[in-house]
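Shared between the two complexes below is subunit A, which has subunit B as its partner in the first and subunit C in the second.
Our next item is the complex of A and B:
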């Protein structure tokens, strides 16, 4: 990854960007997100199979002063997140440079977001057999079994909201669960509160989830909540032909009305 | 290193002891193996799934004395007549917390000091009074452990009512530390023997990473230090660290139900959340994640020792293991001591 370090140094030295969001060596053998602001720090950048955090989450957190130009190291899920965020008008292209990394670890310097969109659509976008198998396992359960399964899983939740914090698509400044006038979602992490939170989270991400699995990876209790949003993505793809992270212009399936909708009730 | 006299609890006596505890109405929490992981769970009998060689669980047993959700009372209001129904404190469970490591046993001190600081929290204090802590010395540790840096030893009996150390034969050297411990011993005297041994020889050696008092002094005048922002850049602002922490005590009060009938509930909260300090006026004194990260560190290592004479970190390393973005607390504490406070 010497080329990545070199590129980072160039971008910072000629002030094309002021911050690079990438990865560095963490503690106890982990990799972790890093913020590089000077060329001499660029040597700490790494990229390998441990670099799995979805860095797009940092693009909407407003931690950096306004007018800061950011470069972000983008694995495939990060690219898809950026396209979704851009399609939802959350990112200003003039302030974000995307340094893509292909599946075979080559650096791709994207000119603009449209360039990322083109690249994404050249890749295999189908769900992997492993993803499909996880969903099939839940689908094969009876209603009662499924209810039992999710009750068990949700009962363990203590509402630390790591799933929300780690998700690039959860960028609301006031999340529905923090809204208290009126109180939409029950706050305590009891049975009702946990069900309300996880169903809300899943529904708000329905078809917006790009499938990076960061939510369940961030969960300290290993709740398989990524399956909920993944299943909804599959359903929405099937019903509306819409998949998140693939188009800058196609409007989001669940907030769009088309006069030629195939369903007659809505016309 | 010295040979001392201990009570001896043989491995084969454990089923009988657990049966006695259960029969006497105790609820036993023990570290139970589940695949690769070990977590505390309620058990009624001893089984081979109980793991006495685990390093650390994801969650502590804080929830047994400070539940993640706890109903404080039911209320009823009929125009002018308002009544409150508190729970029956005599029905609170008598818990035996089996096999906690010294960091977790010591964690009850700051919890206790917090919940009786300016007000006696009778929910916590009742639960604590009914709790017997059976500590277990550590035979293993990992790179996240740093108990020795916060002045706790992997063999310390502080906070335990009974202290166990596993010897080479797989039996336990037993220290009866408190009266509560004595009660359990008296209940099952016939299961215990006597032995002379050196418990220190079975203990893992946790390297000391920093000096606690030096850190505490170093934090004076650190409020405006540049490192808070630098360290917290990658923090995503979730509450994982606080919720796995055995000493974090932030809570929220929620009324559920209607105006004339409902319940008041105490539930976990975290100072790491953006809205934790949001005022009704709209002003937020801890508006940024760096301010919230600073609060986390200063609360545990400066405000708590100043106000309630006990540090708020036991070196269990749970927060660092659980953090989705590797905010490793001991790494950051060491950096705080190395880096300048002023730009």
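Our next item is the complex of A and C:
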């Protein structure tokens, strides 16, 4: 990954960007997100199979001073996140440089977002057999079993909202859980409140989740909450042939209809 | 503090027969914030309204709940009364204890309890109501009439004669619609074209009417009083200004074998054609699908023969954009064809025809010049069997409704036939003779008594060919369901009237609702029969359901007066229940994060971008902005918005949440 470090140094010393969001060596053998702002720090950058955090989550942080250009090291899920965020008008491509990393660890310098979109559409976007198997397991349960299963899982949640913080699509400046006029979601982590939160989270991500699984990785209790959004993504892909992070211009699947829709129930 | 008045109406006995109105008034008077709660026999009557007004003044009420009928019925009445007493009309709410309670439940305590709950929810809502002001919007005093049949023509002429501009769009090359195809009209037997063509000409020459034929509506934006319509003018391949309508091109065109739409396939037309001699405008179009030049790239005979050099092969479709204040939909209907009926040979017998084809055969301008000759060999049929209700009133065929016009036109066909073929016999299989209308029953009696039409009450089970004759097998239900077999020379099916093709697509483009048969839906089946549910769009003629000429014309005039009524105002007041994006204190400015997913979900294109700027003009945030004069208050954006940043005024999250809370807390 010397090439990556080299590129980072170049970008920073030419002042093409002011910050590079990437990964560095963390504690206990883990990688962690890194924010590099000077060329001499660039040597700490790493990229290997441990670098799995979805860095796109940092791109919508509204704390950076204006005119700061950011470069981001983008694995495939990060690319998809960037496309979704851009389609939701959250990113300005004049201020973001995307350094893509292909599946075989080659560096791709993207010219613009449309370039990323083209790259994504050349890749296999179908769900992996492992992902399918996880969903099939839940699908195979009866309604009662499923209810039991999720009740059990949610009963452990203590509402730390790590899932919300880790998700690049959860960028609302005031989340509905933080509303109290009216109090949409009850605050304490009891059964009702936990259900309210997780159902809301899943529905708000329906058709927007790009499937990075960062939510369940961030969860200190390892709740399999990624399955909820994954199932919704699968349904939407099946019903509408649309998957999030695929297009900059295609309108959100749940916000449009087409007069020639094959389903007749809607008419 | 809230000072709410609750007014419980008995609605005569409509409510009080099952709900204890006195108890409702008594219990709801204990709800915090309620200062007065009374019941009265007719709240909507003058004394009832006066009582509300007096209480508003005496008790200084800040909100009113009228527990009575549906808000669709009397909300305007009570809001007006409140307004007259100095209370903002939008601080008055209706608790629907009639349709939602007394009418649907038996008399018992639970019914009264439900009524109390309904009132309770509305009290909680009205406590959170804000005064609202109606929105005023200007009116563009131009109407768009879609469809140039008799209904569209009548509407256009009526509106234009009231001094307003009208734009008429017709998808065919000529106006006239189905009426121009008819031979004679019931119940007077006057020639259809003779009474219609003067009107067609009047449309073309009227200074207030702009006519676009061979054109279709591409899209509709905007709202009542302020629609923006895109019209696609299909390329006629003709410079209409130069064309004199001499018709030379139509006689020289080498493509001769295209079935004529106007003659229902009973004659042929050329690739460059005028649909019929009396067409308005009487100028040809080139049918690109069949024209040799468009298919093979050479021919151009019409261009060569044209004396004014009016042919334009390179002409392209043109999209024009017009602004109108109201629309009249007059897109008409269509009929099922013989190929819809397996039992009658799927249309493979040439002499089994539909009613519209018979009209062409009987018409003086038709393929047989008005002589009754059958399509297969041109012989004069001596026995004709007419089948009423072919498809209509037949749930097995998916058409449960009565097509309404067939009884009358079948009687007319029998009369016309007898007038032209004196030794011929007309048999009519019917289910019932539905001849309700001025001089209608007299007309069917005339067919039977004077013109000897043989009416057989029963259905036909099948038709097959034997020795050059069509064998019609049916039952006579007045003769003990005895089987009847008639050897006919020709069979005419009075096929069901159906919605015109493309009706569904048009309805979706215009956001007009339609029924399961794709006929456009009226706003109220009795009291608002010419309005659609979309304000500013009206219905005329058979696009709503199958109608005969007098009915279509009557409705068309009705639609015209609705349009003129609308145009009598310089500005309209609209319900202020529209969506608004919230604003909060800096640095948030709004909880809207500007994802603009609401923009694609909005069916009215009402959502725009708003830039929040600092004093020195720097853009601090871009958020959604709902244009209040375009928004229809449907609430779709509210449902989609993840951060709940959009509220419908009068139905805010806070209000609705309080309503639900009020219900749940009583459990």
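Things to note:
We adopt the following convention: the second predicted complex is superposed on the first by the 256 of 267 C-alpha atoms of A that agree within 3 Å, B and C clash if a C-alpha of one lies under 4 Å from a C-alpha of the other, contacts with A are read in each partner's own complex, and residues count from 1 in each chain.
As a convention for this text, a contact is a pair of C-beta atoms (placed from the backbone, for glycine too) under 8 Å apart; a residue touches a chain by one contact, two chains touch by 3 or more.
Bear in mind that the values here come from a model prediction, so they are computed numbers and not experimental data.
Once the two complexes are overlaid through subunit A, subunit B and subunit C fit side by side, free of any clash as defined at the top of the document.
The wider contact with subunit A, measured as residues touched, comes from B rather than the other of subunit B and subunit C. When the shared chain is aligned, subunit C comes close enough to touch A:172, but subunit B does not.
Shared-chain residue A:256: touches subunit C; no touch with subunit B. Of the two partner chains placed by the overlay, neither subunit B nor subunit C lies in contact with A:197. Once the two complexes are laid over each other on the shared chain, residue contacts for A:23 go to neither subunit B nor subunit C.
In the superposition on chain A, contact of A:32 is made with subunit B only, not with subunit C. In the superposed pair of complexes, A:242 makes contact with neither subunit B nor subunit C.
Of the two partner chains placed around the shared chain by superposition, neither subunit B nor subunit C is touched by A:150.
The overlay of the two complexes leaves subunit B and subunit C separated by a minimum Cα distance of 6 Å.
Residues 174 of subunit A touch subunit B in one complex and subunit C in the other. Across the complex, subunit C is touched by residues 88-90, 171-176, 179, 181-182, 184, 204, 251-252, 254-256, 259, 267 of subunit A.
Contact residues of subunit C toward subunit A in the complex are 504-505, 508-509, 588, 591, 593-598, 600-601, 622, 640, 642-644, 653-654, 657-658. Contact residues of subunit B toward subunit A in the complex are 58-59, 68-69, 142-144, 233-234, 236-240, 242-244, 252, 254, 256, 265, 267-268, 270, 273, 275, 288-289, 320, 322, 324-326, 328, 331. Interface residues of subunit A facing subunit B in the complex, by the touch rule stated above, are 26-28, 30-35, 53, 57-58, 61, 63, 158-162, 164-166, 174, 178, 186-190, 193, 214, 217-218, 220-221.
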